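One structure follows; several queries about it will come next.
A, B, C, D and E are the chain letters, set down in written order, and residue numbers restart from 1 in every chain.
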Amino acid sequence: MGLRWLALLIAGFILAIPTAAFADDDPTPSESPSESSSATVDSTATPTDVTTEEPVKPSGPGIAVTLVNSSDKSKEFPKGRPLEGVTLTVIDSSGAEVGSAVTDATGLAFIPVEALDTYTVELDEDTLPDGINLNGSNQSDPVKMRLMAPTYVDFPIGATKGEKASFGDKLAQSLASGIKFGLIVALAALGLSLIFGTTGLTNFAHGELITLGGVLTYTFNRSVGLPVILAGLVAVLLSAGFGWAQDKGLWAPLRRRGTGLIAMMIVSIGFGLFLRSIFQYIYSSSTKTLSQYTTQGAHDFGIIKLADKEIAIILIATVAIAGVCVAMMKTRMGKAMRAVSDNPALAASSGMRVDSVISTAWVLGTAMSGLAGVLLAVNSQVNFLMGFKLLLLVFAAVTLGGLGTIWGALIGSMIIGIIVEVGPLFGVPSSIKEVGALVVLVLILLVRPQGILGRRERIG
Amino acid sequence: MDGEQMTDATLPKLGALVDVPNEPGAKKPDPIVVGDDISRQFGGLRAVDVGHIEIQRGVITALIGPNGAGKTTLFNLLTGFDQPDSGSWTFNGQPIHKVPAFKVARRGMVRTFQLTKVLSKLSVMENMRLGATGQMGERWWMAPFRFLWEGQEREITERADELLVRFKLDAKKEDFAGSLSGGQRKLLEMARALMVDPELIMLDEPMAGVNPALKQSLLGHVKSLRDEGRTVLFVEHDMDMVRDISDWVIVMAQGRIVAEGTPAAVMADQRVIDAYLGAHHDTDLSDLDEAAIAEQVMTEIQEGE
Amino acid sequence: MDLMDVLRAALTQALGPNAIVFALAAIGLNIHFGYTGLLNFGQAGFMSVAAYGLAVTTVMADLPFWLGIVMSFLAPILLAIVLGVPTLRLRADYLAIVTIATAEILRLIFGSVEFKEQFGGSNGITGYAKTYKDMNPYSGELDLGILRFSKDDLWSVTVGWTLVALGCLLVWLLMRSPWGRVLRSIREDEDAVRSLGKNVFAYKMQALVLGGMFGGLAGLFLALKQASVVPSDYSTNITFFAYTALLIGGAARVLGPVVGSIIFWFLIAGLGSIFNQLTDGADPILPTWLMTDTQASLVRFIVTGLGLMLLMIYRPQGIFGDRREIAIDGR
Amino acid sequence: MSDTDSIRAAHQTAAEGAVLRADNVIAGYLPGVNILNGADLYCLRGELVGIIGPNGAGKSTLLKAMFGLVKVHEGSVTLDGVDVTNQRADQLVSQGIGFVPQSNNVFPSLTIEENLEMGCYQDPKRFTERFDFVTDLFPTLGERRKQRAGSLSGGERQMVAMGRALMMNPSVLLLDEPSAGLSPVMQDEVFVQTRKINKAGVSVVMVEQNARRCLQICDRGYVLDQGRSAYTGSGRDLAGDPKVIELYLGTLGATG
Amino acid sequence: SDDGDKKKDDDKAGSDTSSSAPAPTGDGKLVFGSLLPATGSLAFLGPPEFAGVDLAVKDINEAGGVLGEDVTNVKGDSGDTDSGIAPAETDQLLDAGSDVIIGAASSGVSLTVIDKIMSSGSVMFSPANTSTAFDEGDYADPDNYFRTAPSDILQGAVLANLLVQDGRKNVAIMARQDAYGETLAEQVKANLEAQGSEVAVTVYYGEKAQSFDSQVAEVAGAGADAVVLIAFEETTSIIPQLIQAGVGPQDIPTYFVDGNTASYAQDASAPLPPGTLEGTKGTIPGAETADDFKARLLEVDPDLKDYAYSAESYDAVIVSALAAVEAGDDSGDAIAQHIVDVTGGGTKCTSFADCSALLADGEDIDYDGVSGPIELGDTGSPTAASIGIYEYDKDNNITPVDYIAGQI
């Protein structure tokens, strides 16, 4: 336990520094906005700006074209300069000319049309200033007009594309995200694994234990007004308390009745549904934001960009995970937990208080999941489904590593986290990026049915 | 070897084995199982490392050896429950070292488990019925039609009833097998294997935890199996039983076969006595000098301080 | 509060098409989990391939309706085999995760933009159910006061309960046979069964296919009665709820899943209706600070969750189950 | 009837001052089905008591009932004169009772060393000292200390189970078939060691199917049948009783 | 209610005439059932929609009801497609004698119940379905399905036009993968490309996505000069991550759609730090939600924060009621035959009281509602509508900038 406090302290410290540096009233935290975007934003010649000055704002149905030079080749016409005097012609679907116009000083030309129909626009390249070239056809695609207002058509002049990130950069960035995500998953997975490793229970309500950390942070942050760090601390503590309470109130009585594991698993499905609905009852279904660190910008570390809160998340998670792993390996309690899971009756015969060992597992497991929820909340805000959505990946992680093994849960989580985030770079459609991780899970289990670190049972 | 019936069933059936030399890996006149270079390693531990093994058909062979000698592992390998690192073996002349476990059993080589595997939530009777082979009702396309398998089921039940009486489990017939005591589970395990009607039955410590009186009456049953022409291979640590019913004894230690021979010859072997049987094994422990023990205890206590 | 309305709402759902979908899915799970011990948490996957089998064949490939039906029978069988060959050797809890994962993979792929051409994206597919609707022999609705079915539902209910009855009959016939005995033995200890010369893999596969076919049947029926196939219908929740229904009724009992589904829907609809009435209108019975009408519809889930927990605590064997069987459980 | 009553009365007088005693215990696993039907047993301080009997007689159940693992419906269990009926097992452990179950008696996913460590869970300081003692007795356990118990052979498991009990420092030791599955030399070792421990002052109650051996070393024996004690007497008496031989011991190996 | 109000297997004739009304088949009481999201992932859309329905019912009854009877409103919860409760709830609504079912909000949910409702003879009138699926295939025919929300075609056109107008030449689209997000993203993309802008990347995230990191990274790596975010309430998770990746609204101009153009001010349910969204633009279908309409909604539901689709819900109820008045019959099928008629061609009127008075005088009416001119076409979807363009101020509140009318 001691180690976690340390972790939280360190993390709190780290989080506190940027609070001072980027107070939340400074909403433009990005230190290096990219070139292309600044060009657009800073451009003094955007049509909207101009039209406010010029009285000739086009109105009514028609085709409008604004020509601006985006190429920086020509000295005479710098980038962002409107092109005047270019002739544009609108042709209807039968090929007949509807009308034409010449761009004014702001680069704008407007050709009103009578009917909402499909039109093509043609640019007379001869009227373009010298040294300025079109990047493509001088005829637009057919435009189906629907609006009772000007329909704008654009002709690209000069480069339009911003610089795309290189594959290597993307890979580094996704790896970083993957590690961060993997660590959050790992916290939750360790919690699940602890409980599974002690009671044998596949806890389908585990997602809600993650959510609990998130919603408690939100409550103490927004409703009580504590700073996020303090609220998170309280949330972890209360999660631990909740772990204790749910064991005493629900699982211990079930064990005393000799309820089977499958029946308990179904109870956990019910419990999950119950908690989820309660969360929604209280917090409604919208995504809630925390009061701090919501819009923290990233630092550029060369190949990757990370915000301070992301660094803090990674550090806190690492410290907490390391603490728990060491505790599990070294202390008597860790062995007692495995012993209880192997054979509760024999554990009692060896003098263990089975109930208190299990209780400890619940407290620790729920606290870890709560911490995962807190970190998730800092990373991507709070929603009553946040844990439930994560549950399948947590299960996948725990299974992948080998059920009930602490290191297995850790390795599984990192693999899952990284594959989820890196997969899209290798062709997994990003809308279903979880598929990549799930497929890997299935494939690995085909080769190693007992999970990566799981062991085969002896027969006979 | 079917023609060779002993008149007195209680006598060891040496017959064909009389000429077989008492040495490890000895060739038998009519082996049912022949294995070569079977090895299995767990990490650095060579659990089984058998150069050559033959099991004579139609006799009772005992497999003995210290704990962890590899007896169970050898059983696992022979019956396809575990895969060897190397080696091959045949059953009835056919290679079966790559055959899956259930096919091995179907060919007539059935084993029991040292740590019993009863089907807890099935009744004892259902456990028994499951053992029977060739049940038509076990094929899905016949299963729904009761009339197709009713008759067979009745026969099976009769056979099971008989066995249960013999194993003193008849009173427990309708109880869940999960509610049996430790010894009763052993009994059920053996009885169920007999339901398969195997040619070779491999029993892994069948009598551990079985009451001596019942054990004795069951030995008669095992002998009658032999007399029906079946082959029995069993692992046992009870030397009285080994001496009483086995015709041939194979001794394993540290994965290898270290001795083979008739019960009397093997048990007289000094190496076997040293490593396995122990000096006291034929003495009455209550005859051990109580004073000696007390003395030993005293010295130990002194040492401890 | 109109108790009559509550009762009608509850009964109509309890005997209506939704309960049938769950009953069919739960019968399949009963074969998988109740009898064979295969912890299949991917029943939604079997349902979805059957539903998409029909919809894709008839709408996307423009083939006859009956061919679609055939496809929706073949698809779950194929899935069972493809899934079973590699995974049946996994331990129960591993199998659970792999099946969940498979069902989710299928659902995500069915709903993805990339495969919109083939599977209709997240809008799903409609427009295949005309033949089914046209076969409806009824010309009017059924109204028994406490039970009311529209014309379409009446047809679905007729078809559905017939299927459920046939399914139960088949399960009953199979499970009292030696074949059923082998399945139950596998549930207890595979190695023991193997040592007796039974091909455990083949039996598991048979059970997986049979249970998967019932899952498929549930999906097909859902697709027909609803006339649309939407990927989000086949999320893991539906598997969870089917398990709930199964355990309410009692696993490894022929009628367990059916009774469970009926009770499940009776409760869901009944509770929904009660709390709706309690919070409805300008001057609701329950004060709004306690419960708004938005929150009211949550209460049934809260109560369902609670109910499931209480049921497992006080009657872990379900309605029909055998108390002794539970007591044997070794842990 | 009066015969059994008088026997029971005699038994009860003899039980005065026993360190562990069970009186008229009625217990069972399922409601309505009693496995023990009024079993009596006592064990004096420093005594070695053996229990034999047919399979399913209720021997293991009796041990479990005394150890709080099976619910006692009627009757009482006393430890040093204090009623401990239906007490939690871990509490009994701290009061000095040790128990080796018949089956499932190791933690499969723990290594041998960890299994033994669990033996002195309540007193971890004694670990090194006792560990040396146990590995001296069963050298295999020392050699394989990092092997998971789940992968051990049947006999090796039994050694671990016995070793775990030896790690404790109990005043009363309940052993359920400690010799099952062990090789003859190891069986003898277990019997001799049990006797030794007993001589060192530990009261032992041991259930055995290796009945002859058990009766050879015990001070007093019980024959349990159908949930009650059918015969009691000194080990030698029982081993010689023709009734006991016929019903429970058999003749196999008796003359050898 | 009784069974008499459901006309069965009777092929509907052309839906345009109001002549020779057949004998009424309804029970005389017009009942609305609202099948709107109270639970599930779309629950945040529910309150304004419920409020719109409630307000309309109130207005109708204050104006004397329909056919001399007060209209009533039964509530149902559509959930999301995940919970699968929509069909069961629909049964309950139909049981309660609903002649018109207002709902569902999500196109996906609507598809699960559309057949059930249509074949029961009731009207299904969605205030918020924007998927193009309802104008295609089986549902293209005139039938019992209607909606007041314009299909995504128009919003897509307006948003794309706005982008081109603002000079965005290389746009990244990030969209929720569902019936809503997909269609809208496709429409925006198609229009952008036709009008000469490029789409740098279109990334989708799953409805249940837990992390948006890889999608955000893809957007950030695309080198785009504008971001279109088609999302629901998860916007509050995505925006911070966009900012983290250096492509937040203050780095690159960002555009919202109706799903997320809501208030993120400090008093909203999910506030973002002030200034975060300043200058961001968004589109919402519907004419200006007039302040007095908002005020009246607040009377119905004082807790209301957003107003999305409240006007559409309101209009759906009013239009149905007017159709019932014109038909002189409250059965679903009768209403269905008159809905298109009351929304187009005739004397314009803008409130239930006015319109029903005109109808009583035997006039043909053209109802123009709070959500726009409302001209429903043959497929039951609006043929004309107006889309509002909004812009965020430094407090993350939206203010309308422009309304653009268009035809679909």
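The working rule: contacts are C-beta pairs under 8 Å (C-beta built on N, C-alpha and C of every residue); 3 or more make two chains touch, one makes a residue touch a chain.
Chain labels with UniProt names: A, C = Branched-chain amino acid ABC transporter permease; B, D = ABC transporter ATP-binding protein.
Values in this document were obtained by computation on a predicted structure and should not be read as measured data.
Listed by label, the chains that touch chain B and also chain E are A, C.
Here the chain-to-chain distance from chain D to chain E, counted in touching steps, is 2. Common neighbours of chain A and chain E (chains touching each): C. By number of C-beta pairs in contact, the leading pair of chains is A-E.
Chain C has the C-alpha centroid lying closest to the overall centroid of all protein C-alpha atoms shown. In whole angstrom, the spacing between the mean C-alpha positions of chain A and chain D is 60. Chain C and chain E have CA centres that are 32 Å apart.
Contact with two or more other chains is made by residues 29-30, 151-152 of chain D. Residue positions of chain C with contacts to 2 or more other chains are 108, 111-113, 191, 294-295, 298, 301, 324, 327. The set of chain A residues touching two or more other chains comprises 277, 280, 284, 429, 431-432, 434, 459-460. On the chain B side of its complex with chain A, the touching residues are 72-73, 75-76, 81-82, 113-115, 204. Listing the residues of chain E that touch chain C in their complex gives 3, 6, 8-9, 38-39, 43, 46-47, 50, 74-77, 79-85, 87-89, 91-92, 94-96, 107-108, 111-116, 119-120, 131, 133, 137-139, 177-179, 182-183, 204, 206-207. Residues 5, 8-9, 12-13, 16-18, 108, 111-113, 116, 121-124, 126-127, 129, 133, 139-141, 143, 148, 150-153, 226-228, 230, 232-233, 235, 237-238, 265, 268-269, 272-273, 276, 280, 293-298, 301 of chain C touch chain E in their complex.
In the complex of the two chains, the chain C residues touching chain A come out as 86-87, 89-91, 93-94, 96-98, 100-102, 104-105, 108-109, 111-114, 191, 236, 240, 243-244, 247, 294-295, 298-299, 301-302, 304-309, 312-313, 316, 326-327, 329, 331. Looking at the complex, you find that chain A touches chain D at residues 332, 335-336, 338-339, 341-343, 345-354, 404, 455, 457-458.
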